[in-house]
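In the two complexes below, chain A is the common chain; its partner is chain B in one and chain C in the other.
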Partner chain A sequence: MQKHTFTIGLFALIALIVALSQLNILDQYYTSVIMFMGVNVMLASSLNLVNGYMGEFSCGHGGFMCVGAYVSSLCTVLMFSKNQILGAPLLPPQLAFIGFPIALMVGAGAAAVAGLVVAIPSFKTRGDYLAIITLAANYIIISAINNMEIVGGPRGFMGMSATDRAMSGVIDLPWMLIFVLLGSVFTVWLLRRFVTSTLGKGVPAICQDEIAAEIMSVDTNRMKLIAFMLSSGLAGLAGGLYAHVLGYVNPQSFDIMRSTEVMVMVYLGGMGSLSGAAIAAVSYTVLMEALRFLDVWKWVVIPLLLILLMQFRPEGIMGNKELSDLFPKLRKYYSFK
Partner chain B sequence: MEIFQNILNALQFGSFYALIALGYTLVYGVLRLINFAHGDIFMVGAYLAYFVAVTLLGIGGLNLGLHVDPALALAITVPATMILTALVGVTLERTAYRPLRRKGADRLYVVITALMAGLVLENGNLALLGASRKRFPDLIDKVIWNLGGVSVTNLKVVVIVAAIAVFLMLQFIVTRTKIGMAMRGISYDKFAIPLMGIPLDTIIVVTFVLGSAMAGLAGILFAMSYPILEPYMGALIGWKAFIAAVVGGIGDIRGAIVGGFMLGFIEIGVVAVFPSTLRDLFAFSVLLIILWLRPTGIYGVAQTTKI
Partner chain C sequence: MKRITVKILFAVLALGLGVFALAACGKDSNTIKVGFNIPLTGDIPKVGEASKFAAEMLKEDINSKGGLEVGGKKYKLEFIYQDNESKAESAVNAALKLINQDNVLAIVGPNSSKQAIPAGATCNDAQTVMVTPWSTNPDTTKDRPWVFRACFLDPFQGPVAVNFAAKQFGAKTAAVLFDIANDYSKGLAEIFKAEWEKKMGPGTVVGFESHGTKDQDFSAQLTKIVGAKPDFIFVPDNYNQVALIVKQAHDLGYKGPFMGSDAWGSAELMTLCGKDCIGQFFSTHYAAAGAQGATKEFIDRFNAKYKYVPDDVAALTWDATRLVLQAIQSVGKIDKDVKVERKAVRDALANIKEFDGITGKMKFAGTGDPNKCAVVVQISPEGKFEFKESVCPE
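Moving on, here comes the complex of A and B:
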């Protein structure tokens, strides 16, 4: 029993949220806030692998999210909706349940390949110079998409909501919510399994001392390749979900501001702490919504809060710890892998 | 003839990038800190120039009842803006960076603080002044010389000359004066320098004064060349100037100038051949390739890491 309490609890929570949303107790607004929370959890925890565990400074996460969003949107629009350029839907709506996850995976794969742009230079470059490469990668991706007429260029791309409609047309459930929640659980689970695995221990080793890690037989180039590709792939997954939640994407929403936002979540939560990243992503989303009444001043207040955080608790909310380290006595009720 | 016109435009754009990149490189050279707020200090410089100029001309700003001649107004605006912008830079250093440095916080936290300080400046400006754009008044009459088909304006010449003069001045300060020696010393060993009787904080403040004043100068020149001001004007040009600084080899003054002009030439060159929407794509791809081939930039020296 103890072995499964955590899993059962987690899935009960997901079922509860989905049920509340289905019964309209949570209205559309709250549902969409929860979905953005899920997307942000995915983004923050995937960036945490590079910026937190590996100690690099990647500031182009929005670009990989962009690749994932566009590629998976292109797939679903091709499969399930009518588009002026791409023509009529290729598949019947019943297949959306298989098609949508496959499209997400294709998007994630494309984003992971885009991650190579950063991963290969990272063999030779570190620190500030690598930060520039990530920044340049973000700009390159955005302006490449701006110049692609097939996805609408700067005007943006839409038609993704047809997939959601196709799925709820067959079985009436809030499918996007389910996919986002499952996606964020999957992301955190995968990252957790990766960094605690024997292979994944190489990532914090690179952070602490790259040369020493190399001497201790960690293949640093391979580790960097895996870490960057995993991180950007998961960002692509988050991007795909984001695009389908919104039903509309344009390149400007993945620019340097988005990357900064994700970075803020990582440092708010604490580097090298997955639960910290998740908590920070949730609280950041809540803060953004709660401060909506401040209008323009919101963007003054939030950076100021972060400056104060850096002054008084620079290690972030969780520091280097996980939630389970803070409450060790609770451990007897669950086991966490 | 078109090619000479393009070279001239590239030199002008490169001058703006170089002037801003100098600020990045100065601060980085001394503190190993990427001052991400620098692009926004440039924006603040342009706005300060606007307010000083309209106040002096008596067409807005503080109503002091002044109606100064435009030429005199320019003569006052330039030093006033540079001083005010330098004050902004020093304030930032005092309130945000110095406490962190005193605590011995990790470099990364200072970078985040800088990033956030930039956002505060940007959006604070937006919140205070509103989203309407400001039009910078004409302070000098535009003179256009036509040199065999190439149109040269006096502003372009001023911008290019200013960038080169600033470069020579900073190069002199850093390599030939005592303060410059202290700056290089700090970048070499921050802990040994105070033991040699050199006031660390004063040198750092001087660095911020120099860097921010140059951003202020760039702000005035930019506002005079492209007289529409908006709060986000510093963001993109700041990021690009930063990339220019890194490509040149951040921490080296020659690198900032070379990187700035190179970025200018790449951008104008791309626009001359391809549609202008491809400008960023090509410019950043070229920069990426340069960094790929020379990971520490053109003038940068590889840092040795020890076990």
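Moving on, here comes the complex of A and C:
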């Protein structure tokens, strides 16, 4: 029984949120905030693999998110909405339930491939120099999309909401919310399984001492390749969901500002803590919305909070601990691998 | 000790969540709420500020007279400003917050197209009227019966520049320098090129060069353009870049005229550009210098209150808000159910055929886009934007 309490609890929570949203007790505004929360959780936890567990400094996460967003959007637009390229939708709306996750996966795959741009140079470079490469990767991706007429260039690309409509036309449920919640659970689950696996232990080993890790038979190049591709692939998944929640993407949404935002979430939560990244992503999104009433002052208060936090708790909210380390007594109620 | 810090942190976070969840709002039946989805922070805070100032002025005007009269009863206006940080997702959240939490009747803004397009989709889905003052991208209102705008579109501004330049400069050839990462600039540049070549024949756009958004040095592009000897250069760029481009072109020995678009029309252009910009022309929504009637009154009052000449965003926000208020008035009653009232406001707004704004007469023909005139202004030696001529669509 203990083995499953956590899973059951988690899915009960998802079901509850979906039900509340379906019954309109959570109005569209809260639903949308929850969806952006989920996207941020995915972004922060995937970046945490590189910046936290592996100890590298990647500041181009927005670029990979961009690849995922555009590739999956292009797929769904071709499949499920009227478009300039093919005219009528290729597939009937009933297939959206299969087509949409596939499109998301294609986007994630494309983003993982884009991650190679960073992964391969990382064999030889590290630290500040690698940070510059990640930054360059971000710029390359944004400029490439700016110059692609087929996806609208700087005008942006739209038509993704047709997929959402196709799905709710068949079964009336808040599908985007469901996919975002499932996506964030999947991301955190995958990352947790990875970093606790025998293979994944190589990632923190690289963080501590790359040469020592190499001597201890960790194939560091292979580890870096896996870590960067996994991280950027999950960012691409987040990007795909973001694009479909918003129904419109433009390259400027994924520039260096976005990358910085994700980095702030990682450092706020604590490097090398998945629950920390998730908590930070949630609280950052909540803060952004809850402090709306401060108007212009919001951007004075939020950085100030960050400075105070870094002053008194430089390791971030969770440090490198997980939630289960902080509340050890809760452990008797659940267990997970 | 550490444990305690963590627990306190959690308590604070939980409290934050609680406050966020409880941020419910009281209802007052004697007020009319209009939301503003504007960029008060981010890339273009000046734009949001100008919108807010214009709206505040309008609100004070009406509330000081006891409120807006709808069906014989006066309602106080309540304007709710939400900052969209000049970001797309924030604009969507701001719109949803205004619609679901603040229960506004209608929304004015967002100003830039990159926020107005997604926010327009949101408002259209949520069945709430949205009027954007400044978004010139055709996609903003396309196939969206609930979305309107108070300005002309990019495809109209291109021909205005073409016809004016052909007549004023007697030009046969043109060159274009634009920002490739800025949808507005790129769109306008392409429309201009197509129009000019249609009028003057293929190959008459002798230079078509682009640059990036944060570029400071344009000498490579300008050397090419100047070498091609165009009769004039069309620069559909933001004012901060215009200042650099014009200066650098003059340094490279270019002596001919420039033609610009409405993004030139900021109060800050002349501080940045100085004497290099004197005598240049650009098309825009309204001309502050030499304005008459209601427009002059608006400019003088704004200037007295906020100490600067209002730019086009301020004037367009004023018009957009007045459009909304006129629609509310013509409904004739305020229904208790905000959804019913929103529908009525939309229908009333769609029924407005003609509207006399301070940025000129607008005619609506069944779509959310007005048919209105553009003005071409010339920059005077004192740095004022002087009315040169008004160009109306046929």
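Just so we're on the same page, the second predicted complex is superposed on the first by the 335 of 337 C-alpha atoms of A that agree within 3 Å, B and C clash if a C-alpha of one lies under 4 Å from a C-alpha of the other, contacts with A are read in each partner's own complex, and residues count from 1 in each chain.
In this section, a residue touches a chain if its C-beta (ideal position, glycine included) is under 8 Å from a C-beta of that chain, and two chains touch if they have at least 3 such contacts.
Keep in mind the model is a prediction, meaning the values are calculated, not measured.
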| item | value |
| --- | --- |
| Contacts of A:146 with chain B and chain C, given as first, second, both or neither | both |
| Which superposed partner A:169 touches (first chain B, second chain C, both, neither) | neither |
| Which superposed partner A:210 touches (first chain B, second chain C, both, neither) | first |
| Which of chain B and chain C A:263 touches, first, second, both or neither | first |
| Partner chain(s) touched by A:299 [first = chain B, second = chain C, both, neither] | both |
| Contacts of A:121 with chain B and chain C, given as first, second, both or neither | first |
| Partner chain in contact with A:9 - chain B first, chain C second, else both or neither | neither |
| Touching partner for A:92 - first (chain B), second (chain C), both, neither | neither |
| On chain A, the residue positions that both chain B and chain C contact, one per complex | 142-143, 146-147, 296, 299 |
| Chain B residues touching chain A - in the complex, by the definition given at the top | 28, 34, 96, 99-100, 103, 105-106, 108-113, 115-117, 119-120, 122-124, 126-127, 235, 239, 242-243, 246, 250, 277-281, 284-285, 287-288, 291-292, 295-297, 305, 307 |
| Sites on chain C touched by chain A in the complex | 3, 5-6, 9, 13, 16-17, 19-20, 23, 40-41, 45, 81-83, 87-90, 92-94, 96-97, 99-101, 113-114, 117-118, 121, 125-126, 137, 139, 180-183, 186-187, 212 |
| Partner chain B, residues of chain A touching it in the complex | 57, 117, 120-121, 124-125, 128-129, 131-133, 135-137, 139-140, 142-144, 146-147, 209-212, 215, 256, 260, 263-264, 267, 296-297, 299-300, 302-304, 306-307, 310-311, 314 |
| Sites on chain A touched by chain C in the complex | 27-30, 32-33, 36, 142-143, 146-147, 153-156, 158, 161, 242, 246-253, 279, 283, 286-290, 292, 295-296, 298-299, 312-313, 317-318, 326 |
